[in-house]
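The same chain A turns up in both complexes below, where it pairs with chain B and then with chain C.
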Partner chain A sequence: MNAPTTWRPRLAEGTAPVLAVLAVLLVALAFAGPAYSEPTGYLALLKRAAPLVLLAIGQYFVIVSGGFDLSVGSLVTAEVVIAARLIEGDDANTAWVIALLLGFGLLVGLVNGLVTTKLLVPSFIVTLGMLLILDGAVFLWTGGAPRGALSPSFRVFGRGGVDLPVVGHLPWSVVILLAVLVAAVLFMRGGTGRTLVAVGDNENSVRLAGGRVDRLKVLAFALSGVLAALAAILLGGFAGVSAQVGEGLEFRAITAVVLGGVLLGGGRGSVVAAAAGALTLEALFSLLNLLGVSGALESAVQGVIIIAAVAYAALGANPRLRLRPRAGTPEPAAR
Partner chain B sequence: MSVVQQKAKLADIVRRDGGRGFSLTPTVTVYLALLALLVVGSILVGLNGGVLLDQGGILNILTRSTVLGLVAVGQTIVIITGSLDLSVAYLVGLCSLVAAETMAGSDGMMVPGVLLALGVAAVVGLVNGLVVTVLKVNAFIATLGVALILRGYLEDNYTGPAGSVPRAFQHLGFDRIGPVPIGVLLMLLVAAAAWWFLKRTRAGYHTYAVGGDIDVARLSGVRTGRTIVTAHVLCAVAAGLAGVFLASRLGSGAPYVGTDAGYDLESIAAVVLGGAALAGGRGGVVGTIGGVLILATLDTIFDDLAVDPFFKDVVRGIVLIVAVALYARRKLTRRSA
Partner chain C sequence: MTVDGDVVVRLTGITKSFLGVPVLRGVDLELRAGEVHALMGENGAGKSTLLKVLAGVHRPDSGRIEVEGEPVVFATPRDAQEAGIAIIHQEFNLLEHRTVAENVHLGREPVRRGQVDRRKMEADTKSLLDWLGEEGIDPAETVTRLSVAQKQVVEIVKALSTDARVLAMDEPTAALADHEVELLYDLVDRLRARGIAILYVSHRMREVFDLSKRITVLKDGAFVTCALTRELTSDQLVRHMVGRSLDALYPDRASADDLGDVRLALRGAGNGRVRGITFEVRAGEIVGIAGLQGSGRSAIARAIWGVEPFTAGTVEVDGVERRITDPRAAVRLGIGYVTEDRKGEGLALRQSIRDNALLVRRAALTGGAGRRKSDLGELLKSVAVVARGEHQEVRYLSGGNQQKVVLAKWLAVGPRVLVVDEPTRGIDVGAKQAVHRLLRDLARNGVAILMISSELPELIGMSDRILVVHEGAIAGELPAGTGEEAVMGLATGHTRGEVA
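Right, the complex of A and B next:
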């Protein structure tokens, strides 16, 4: 089992279609908008997409191990609101607040994971409950509306960048994104990452083979929580404080992951494809925007493409799967 | 592992000795929890100088549970087949609009309005079901996709309330037969019909069979696709009824009335609270109604105590997780025995 032999089938299974679609979209963007005739246009797209890509990577860990994380959207809102309340616009507070935010994301992920594995509650319910708790608790604490302000040094991660000689202005969010992506790819190619995918495919066999299933699942949720915190830091810097900042992001992240050909129910799909799915989604929205499609129809388009993507994965892509009854539904441990 | 098994055996022995006749099924548990909640709530509200369970209070709880009850009863059927429906929230809004715009204030259009709204709901349910069964898309994604399509349609065409229902139609929302509101009767009637469907008809048994194990059901000759599509259509029609009822109550159609109340996730929460398994094959309408009543009672108690509305969400989340954790624990002991 050396790297090339396992990498190839994975690329063929889910990554290739989404990369093709992404390439088409990126080329179409160049024709549709003058801003995309230069690399800066694409960098701006990458910067906009960074939070969603981070969320998609986090969601990927959870989905590939057979779960769901519905709490990330409200976690992002909670993080941004907490950051604004604690920083109060003061630069001196930036460092410890960022540490606190990452810690809070980790904590929420750990709670999600521990309740799922130790109390045996389905992750859909756990994270749904967490969504309600976070939504309520944050606004209970702030009294209904976000208060305070983010400091300039906090916002630099979402807005600022570094000037480099060759590429020009490189946004920090893109740097963070690339670092996370590389780390995620290395993680998934290592033993732990592979076992995580195996947990999603067949939990019992991993357990019988001596894998620590519970620990791996908790790890997946913890990673999702931390990445949501990171996404919140970028989003807060990029878009500012509002109570709606994380709205619908959980479903958007799941859409992105599914668009990347990752099977809901776990056990199949690559993290690069999930990240590419998020980028594809964002590129598609940019393209629709340039073509003058009303923003209201954005969600309708999102709806059509996730159904089409999953139907394609279940029916069209692989004739082997077509013969297998109901390959598109998650049936953990059924195979 | 061995410790768990031992515990499980012990639990099984205890259950076999003491548990004849009266078994603590999730349905019983949920009503016991409701009872406990009512007692605790009455005491708390009483200490605060109010009364929880006077006629007004009971009516309040029942009225609050009407719409969620309608949606959740439909959701129960879908969840029992092992599917789920995330599109109900937007569907409720859409159906309220269809009903109100068709009626446009005239008495003669009441019946066509209701029928058209339910027809639209049935079509949406059919689409959900067909996407799940024919295109083999995971139900979560299929209904999320349909929900997003409905949302796009609503956002593109409506900015606020539209249409109006005639005065006569508002009787549905506000009148009472004796002390009981018509809406509550409607909800209980739909629940009774769903109970009859699930427990007394062949299609109902098939619903449980498909949710329990779809492959076994297919090998046993159940038309699994048809069963799943039927469940989705019934669920959508129940959500459509909720939309029609809301139109009658609000006097017009409101695009976001369903999503503002979060009926998609809330109805799933109520169903799961009522003891249904998300994986399918287990659950029932009676339990779901219990779950809906618990949520409505919590709301009423918090209102009476003038608790911060955001606190409600926190408690709801905790109640949901704790309840499912308790059910899961029991299921674990039962299964491994």
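Right, the complex of A and C next:
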């Protein structure tokens, strides 16, 4: 290299805008609502956002390696319904059911990944199929109304917290979220994580460099599945049991990831930005709520965001593209 | 009709800057009817920017453009097209599933009674093809069914159908197979004879000397010289382009002392595309593989790498028989492969220099991630990558620097055998020399190198011995410093050689 490398904080391309938007929203929240005049308000926001952030982190792994995971919303619903049915409100069942839920998430992820890589079905289709299968299975099993109940010790992850010195009371969901985020960052900095991004960019080059492309892709889906299970455990505790608990979460997670500047189709983006995207989305909904905007508008807002974020990624970052005259401009040549 | 030798287009004092960086600084260019004018220069010398100015894509900051003596301003590519200037790009802009005639008339279809007049379209195309002496192409044929060379003819006919008088051809032989290059020569000759002014942009020295009457050389965006081709030697031309002479182009070959143990040995190896391949490569030597395109020379390399494995015979690495069934197996045995398809197979373009250079280490070798952080810098320095820093995305690098990153990727795992396929394709003269020197240094440090190149001077200049492949088999082996004729003789099946 000919240039001396001076150290400065490095943000992956596309990270800066979402952090800026997030900062603006957090400040705006303080002005909009009295709840945000002290840290607990933000802690509550973080707690609310935790499941979506976990889903966004999982979705990030899949998107950055070149795929989509549309099955996570239905997976969350299925997990919660299964949990209620198997626990039957008995604390003695909590531990093994949690293990089973994580295992089921892993299994669904593995199936998504294996069908995508071995049967060569595009992940968009595989996970859409999985969405429908899980939806149908849940409906068949519950007949529309889930049975059973979660136990108090299960719900503690979504509702309860831990008292720590210095920081005070921390919700469990925030602790879990931070632990997952740190693990995800470390993973993405390591060789396997970097190779995963390279798979999304050019899987040929990875395969021909001796990499195991299929294995990496399956890993991404498996992580997404496990994180969906984790999100379901938090959501179940937080929001309770219903057959609609996970509805639409897959698109919300994709929106969050795209808002974080992660390139659809893979190859670029940071996991921190994806997580920040999820937090931004949640903060935005909270703000709209405080401003009295109808909750019914949420999905419309989400739709605008996803289109705008992708358009920004395609055009905004590259001023040359905007300035370049298009062929056929009706401007006569001066002769 | 212009008289032979009339100046059709004249550019004077063209300057152009992007974001304050001057890319062209006062370039002159004169294109005459019936003349082939070569434009040469290293990558980054400003050739493509000049082409884009000529095509009306970029508007120059200053300078004059004259068409037949009249000053003009090209505001859009369409203006340039209407002034009779057409650019034939390296990548063709053809609709593969439409016919030749439909492509030629795309967007300007003749209409009769509200319907596209297919008969007139085909007749017009036919007469242009005849005029060019390309009677072999049927105007009603679908473009997908044409060869690459024929598609190029269609592009040219498309340009001619808009009454182009100036054809600028950007690396026209880059996509062509060796035998098709001859056809292109004929075609250029016929275009010239019919009074078309041709601007021929190419890296390939020999083509330029064979075809052009005049050569304009650019260096760092500045005009260096415009001279008659017959008054230039290739040595002078290289000096104009880089300020170095041709003598220094290739590093010294290996001496007998440099050679070590046999690193790679193939015995009777074959698959669907090649058969009976037997040779050895020793530590410290560079063995060249010559052959026409499609002769199987790349198939041998890809079989060694495990992409399309051998199904017959044996492969020994360091004296041990191995079955290499996928690239991972090859990589883990210490075999590196610099692919000819740099962008498709060699690099992940949106990843950083660092991530690409570490790709093999991370992807194929377990437990190697991020290990010994410091030596990556050393490695990039040793291959002399010029970049803003190791976090720059490789797509922003020039072809030469990209190729150095590909090499670094393999050097990062310390290969014992390195197979290089067209290692200098599409990179400029300066980077080419750097790659050559690097390969020789590697050999000196005990790597066994197998080198494939369709550029014969390079292959002959670099190799310690040359294997010539013809129709899927080794036709013969030639010693260092063989003449091009001997290689071509074997490669075309003209002569039979002794198989080592």
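Keep this in mind: the second predicted complex is superposed on the first by the 304 of 335 C-alpha atoms of A that agree within 3 Å, B and C clash if a C-alpha of one lies under 4 Å from a C-alpha of the other, contacts with A are read in each partner's own complex, and residues count from 1 in each chain.
The rule we apply is simple: contacts are C-beta pairs under 8 Å (C-beta built on N, C-alpha and C of every residue); 3 or more make two chains touch, one makes a residue touch a chain.
Not measured: the values here are computed from a predicted model.
Peer 1: As a test of reading the superposition: which chain, chain B or chain C, is in touch with more residues of chain A?
Peer 2: Touching more of chain A: B.
Peer 1: Output check: A:R48 vs chain B and chain C. Expected answer is one of first, second, both, neither. What do you get?
Peer 2: After superposition on chain A, A:R48 lies in contact with neither partner.
Peer 1: A:G144 in the overlay: touching chain B, chain C, both, or neither? Say first, second, both or neither.
Peer 2: first
Peer 1: After lining up the shared chain so the two structures overlap, which partner does A:V121 touch, if you call chain B first and chain C second: first, second, both or neither?
Peer 2: first
Peer 1: Which holds for A:S205: it touches chain B only (first), chain C only (second), both, or neither?
Peer 2: Second partner only, chain C.
Peer 1: Using the touch definition from the top, say if A:R268 reaches chain B (first), chain C (second), both or neither.
Peer 2: After superposition on chain A, A:R268 lies in contact with chain C alone.
Peer 1: If you stack the two complexes on chain A, which partner ends up touching A:T195: first (chain B), second (chain C), both, or neither?
Peer 2: second
Peer 1: Determine, under the contact definition given at the top, whether A:D135 touches first (chain B), second (chain C), both, or neither.
Peer 2: Touch partner of A:D135: chain B, not chain C.
Peer 1: Where on chain A do the contacts from chain B and from chain C line up?
Peer 2: 325, 327-329, 331, 334
Peer 1: For chain A, which residues are in contact with chain C within the complex?
Peer 2: 1-3, 5, 10, 13, 189-192, 194-195, 197-198, 201-202, 204-212, 263, 267-268, 325, 327-329, 331-335
Peer 1: So in the complex, the part of chain A that touches chain B is made up of which residues?
Peer 2: On the chain A side, the touching residues are 68, 70, 115, 119-122, 124-126, 128-140, 144, 251, 254-255, 258, 264-265, 294, 296-304, 306-307, 310-311, 314-315, 325-331, 334.
Peer 1: Considering the complex alone, what residue numbers of chain C touch chain A?
Peer 2: It is residues 70, 72-79, 82-83, 305, 307, 327-328, 330-332, 337, 339, 344-351, 355-356, 358-365, 368-370, 377, 380-381, 385-391, 393, 409 of chain C that touch chain A.
Peer 1: Spell out the residues on chain B that touch chain A in their complex, using ranges where they run on.
Peer 2: 131, 135-142, 144-153, 155-156, 214-215, 218, 265, 268-269, 272, 278-279, 308, 310-318, 320-321, 324-325, 328-329, 331-332
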